[in-house]
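These notes concern the structure reproduced below.
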Amino acid sequence: MSLPVEKAANLTVSVARQARRRGLPRRRPPVLTALSGLLLLGGCAGDTPSALSPGGAGAARVAGLWWLLFWISVAVFVEVMALLVWALVFRRGNARVRHGQPLRFVTLAGAGLPLVILVAVYGVGLRDLAALGDRPGPDAPTVEVTGHKWWWEVRYPGASGATANEIHIPVGERVKVRLRTDDVLHSFWVPQLMPKTDLIAGETRETWLRAERAGSYRGQCAEYCGTQHAHMAFLVVAQSRPDFDAWLARLDDPAREPRTDAERRGQRAFVQGTCAACHAVRGTGAAGRVGPDLSNVGSRWSIGAGAVPNDAGHLGGWIANSQTVKPGNAMPPQPVDAAQLPDLIAYLRSLE
Amino acid sequence: MSDHGGVVAAATGAEALSTELPVGRSAGWWGMVMFVATEATLFACLLGSYFYLRFQYGPTWPPDGIETPELLTPLVMTAVLLPSSLPVVWAERGIRQGQRWRLRSGLAATIVLGVTFLALEAAEYAETLKRFTMTTDVYGSLFYLITGFHGLHVLVGLTMLGWLLAASLRDGSFGSHRHERVRNAAIYWHFVDLVWVAILFTVYLSPRL
Amino acid sequence: MSTTTTPPPGVSAQDLARLAEHWAERPTLRGWFSTVDHKKIGRRYLVTAGFFFVLAGLSALVMRTQLARPEAGVVSPQEYNQLFSMHGTAMIFLFATPMLFGFGNFLVPLMIGARDMAFPRLNAFGYWVFLFAGLFMWASLPFGAAPNNGWFAYAPLSEEQHNPGLHMDVYALGLLFLGISTTAASINFIVTALKLRAPGMSLNRVPLFVWAIVATAFMVIFALPALNADNAMLFLDRRFGTHFFDPSAGGNVLLWQHLFWIFGHPDVYIIVMPALGIVSAVLPAFTRRGVVGYPLIVLSIVSISIISFGVWVHHMFATGLPQLSYSFFSAASTIITIPSGIQIFAWLATMLLGRLVLRVPLLYVIGFVVTFVLGGFTGAMFAVTAFDQQVTDSYFVVAHFHYVLIGGAVFPMLAGIYYWLPKITGRMYHERLGRWAFWLVFAGMHVTFFPMHLYGLFGMPRRVYTYRSEPGWDGWNLVSTVGSYLLAVGLLLVLVGVVHALRRGRPAPPDPWEGDSLEWTTASPPEPYNFPVQPRVHSLHPAWDERTADSVGAGATADRILSDGRRTLITSELDAHPERAVQMPESTLMPLVLAGALLIFFTSMLLAWYPVAAVAALAVVATIAVWLWPPRRPDEELGVAR
């Protein structure tokens, strides 16, 4: 199933839930469908960030490669098992056997045949490696992603604002992704769009993304990066070009102004309290760079890079003591009094 | 067996048993050679790391305004260490002929050369430590790790030679039939000696290339 | 409890008594600590490695329990990260290699017709160091200071700045400490196989298991220094402020990965190769014929051990190195599957042309073929760079290497345990219990790890302490957890089987399987001197060879009985021509003392008690000096010139 394009632009909290529905409708031979059905017992195919339901050119290529490798493996496995079963059925007994050194059989079956297959596979693999390594040109849209323990900072060259754990890209275009890390190694992985590229301390790496249709694709850090490696997910949101342009334009604008009293009190608490030391909200005095920029936090798909859903209850819990939610993260428990907390929540959730 | 029984008997007869006259290589020889092989690989890893870090670093090497290492002291150290293998060879040949005095004096000569090498290295450190330490940057880390690790090997080699000398000063330790320890220590010393050439090239000469 | 056969007619009762007198060790406490008998040391390796296997396995069970359901709270992330790090580190370093070295220790001298290893005292030393290093590393867990950076310890996460505390110091020092043992054992295997083979065992008659152990030992010699260099630099970075892996001062984080995998990929074969050797050793007895293609298998063993040094970058396919280097390493990684293919088909041909006796060891060999072939397929897939980049660091790779390591190493080990249990303990195992254990282990293994392929492909990264509910992840993770319990029950039954054999097993005859190699010509368990008469080997299957049997019979000469001392024969490297008999060392406490001094050294380095470390280092030097101090001999014996 795929998202209707017009809905993709309307990013609200529900993105998180909608995010799960994606993937290209696949036309496969029935036997293959039956087999993948078997493979997917216990889960439903369209619902996982599965490398086998690609949403873009890079992952589609690898998925094709996988099915090639898979069927070759099945064929060879059947061959080996047939020989083994043959031996088990027809070769029982206890008499000493002295003769037979079928070296030609061993060489052909163990080296000759595999060599032919492997050379062919190697050729196909090189072709796909070259395709994945073919970088988009200099005019391609670019995203700069910085890995932090344990969240993703996302910036667009030319735009002043930043966002976190959510990468917006235009549909059908190759988008250059420039990867840096602020601390340890991480790895950038969106199974449905593109294989991994590690973020190497002290260096810059580049990869690219291309989504064939609008929707959201889950990504996650794939290189062990410490205590909260498990909670370092992100979402790639593919939008139509106009929607993307509009979204990107808003990244330069000040954050949405508070409209209710509660929101205004919340903003004051945010800017004057400890929050602003680490977090930024565009157009306010808050300009901290330690934690994620919160200018559009209200519309993000989760809190804590995939730790919990983005709703009022979880947000409150996070502010009060994020260490119970995501132990080890950099944000200390906040001395927010009970009266202030609802205001803060209201303000943050208004930032869309 | 009868056809080979005689060979076995010859190899295990009273005379053959009482000697260590070389037939093939002994177990001890193989053991030492394998140990040296793994040690040499360790040095290869360290020197490989030097070149890897150097070429990953960029055009200026050494970095941070550290000068290219001066050559005089290391060349003198080379001139002291390389010939130090000769007395060991001479000593080993001597004891193979049962000449204890050659073993003793050869070992003593090598120890003097080895200690001189370490003294020179200490003098060099006294100079370089004023300019950079192993915490200055990666160059300093590499410089002191590699030269220090080699220096440690020289110290171990010297300990072995000193131990041999102590044993050889006592009667009843070594002779023309019993000198395997001498030969094994000699193999180790030659290794420590040769590996210095690789270090000289890597640490002192290659930055000038 | 030894059930000795009647002594070979070639040896007199007088000779036997003298052999027993020279080789027996006193059954005192001191004797227990000072033994240098390769069979006792081999058994200790097996038991100790088995103990560490249990600890690492229990860690895995806790992890699987935590991962049974999404967002479970069985353990904290800090605890989970220590558990998975210790699980990997212990399974690789403290279980797999020592377990196989245990087999090697027990079997290599027996298989080549020798009376002990080339360096029995070094052998004892190696064991004590292994034991102490293993305890050193595990002891950190109760203190919450266990390694927490995976078995791969990637920088810069392993650096002080990102990982304060003792965790990674334990890792670096523990592995350096353990490396002493592994290196010592490897040198010992090589020299033993080169110099102590029975007369007539030319290189083309060396059992495949011994070939495998020797190739493994060579890989250790040339691979382990890379890990040692890496760990030394890591420790210096952490403790003394150097900058090897610190990009802000010119260091490079990828240096760690290069050195680690230059060791790490050969290490895969260091683990699997001796296990494949066990397969080759077990098959003849249960297929009633020699393994097909001996020269091809030897060739494949040698080529694997060489090529394995040229494939390390396939562990770094996602680090963004140049494409050219990827295509080279992809090709090398592809090629290395060919020798394994040859071995698989040689075993299949052996089974197809032999007569199968379906006992428990053969069941495990069959389980091995099924599992290892599957692991081999996914392994070949990882050589394809583009595919590797998609599934590396996902659960797919976890599935892959558990297929390779459980299928390729643990199954053969279990086959070996059942096969040699009669020889090691002198007791037979309970066949039905063994079959139950096999089916549980086999089913448990596949139920646990097959689903990991799936949720790996479905996008689940590895090394996560928990996960948010994703359809396709939850269900299969639960299946894996259930499978792991099944596997644990199966392995428990294996243990029960071993204990049962020890307590209740019926006494084993010397050769219950009609095996083909020399260990089956000794008593079960073997006498301290192994062979009353050192045999003269006439074929690749000496125990099936009448001329070899005759050589220990009436015609045996005193030069192969060697009853006038603790002696064994030294032969030439290639042809095993007898060179001379050598005196073997007596038992001694020195190895234990030396290992103890090293333990104090490494512990005080860990705790930064440097003066204590210095004293311990002096103690190490002094112990070696005393250990090797030449005995005083009369001048005539020494040969001193006047």
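By letter and in written order, the chains are A, B and C; residue numbering begins at 1 in each of them.
Please note the rule applied: a residue touches a chain if its C-beta (ideal position, glycine included) is under 8 Å from a C-beta of that chain, and two chains touch if they have at least 3 such contacts.
As the structure is a computational prediction, the values presented were derived from the model and not from experiment.
Closest chain to the protein centre (all Cα atoms averaged), using per-chain Cα means: C. Two chain pairs are in question, B-C and A-C; the one with more C-beta pairs in contact is A-C.
One simple way to say how far apart two chains are is to compare their mean CA positions; for chain A and chain B this gives 54 Å.
Each chain gets one centre point, the mean of its Cα atoms, and the points for chain B and chain C are 31 Å apart.
For the pair chain A and chain C, the distance between mean C-alpha positions equals 39 Å. Of all residues in chain B, none touches 2 or more other chains. In chain C, the positions touching at least two other chains are 252, 254. Against chain C, in their complex, chain A makes its touches with residues 20, 39-45, 47-52, 59, 61-62, 65-66, 69, 73, 76-77, 80-81, 83-84, 86-88, 91-103, 105-107, 109-111, 114-115, 118, 121-122, 124-126, 128-133, 149, 183-185, 187, 189, 191-192, 195-198, 200-203, 205-206, 218, 220-230, 233, 306, 327-328. Residue ranges on chain C touching chain A, taken from their complex, read 76-78, 81, 149-150, 154, 156-157, 162-163, 247-248, 252-254, 287-289, 292-293, 296, 318-320, 323, 326-327, 330-331, 334-335, 337-339, 341-346, 348-349, 351-358, 366, 369-370, 373-374, 377-378, 380-381, 383-387, 389-394, 454, 457-459, 461-468, 470-476, 479, 544.
Chain B makes touch with chain C in their complex at residues 1-2, 4-5, 7-9, 11-13, 16-19, 23-27, 30-31, 34-35, 37-39, 41-42, 44-46, 49, 52-53, 56-57, 63-64, 97-100, 134-142, 145, 159, 163, 167, 170-178, 181.
The part of chain C that touches chain B in the complex is made up of residues 118-119, 122, 183, 186-188, 190-191, 194-196, 199-200, 221-222, 224-226, 228-230, 232-233, 236-237, 240-244, 246, 249-252, 254-255, 258-259, 262, 536, 550-551, 555-560, 562, 569-570, 572-573, 577-582, 621, 625, 628-630, 632-635, 637-641.
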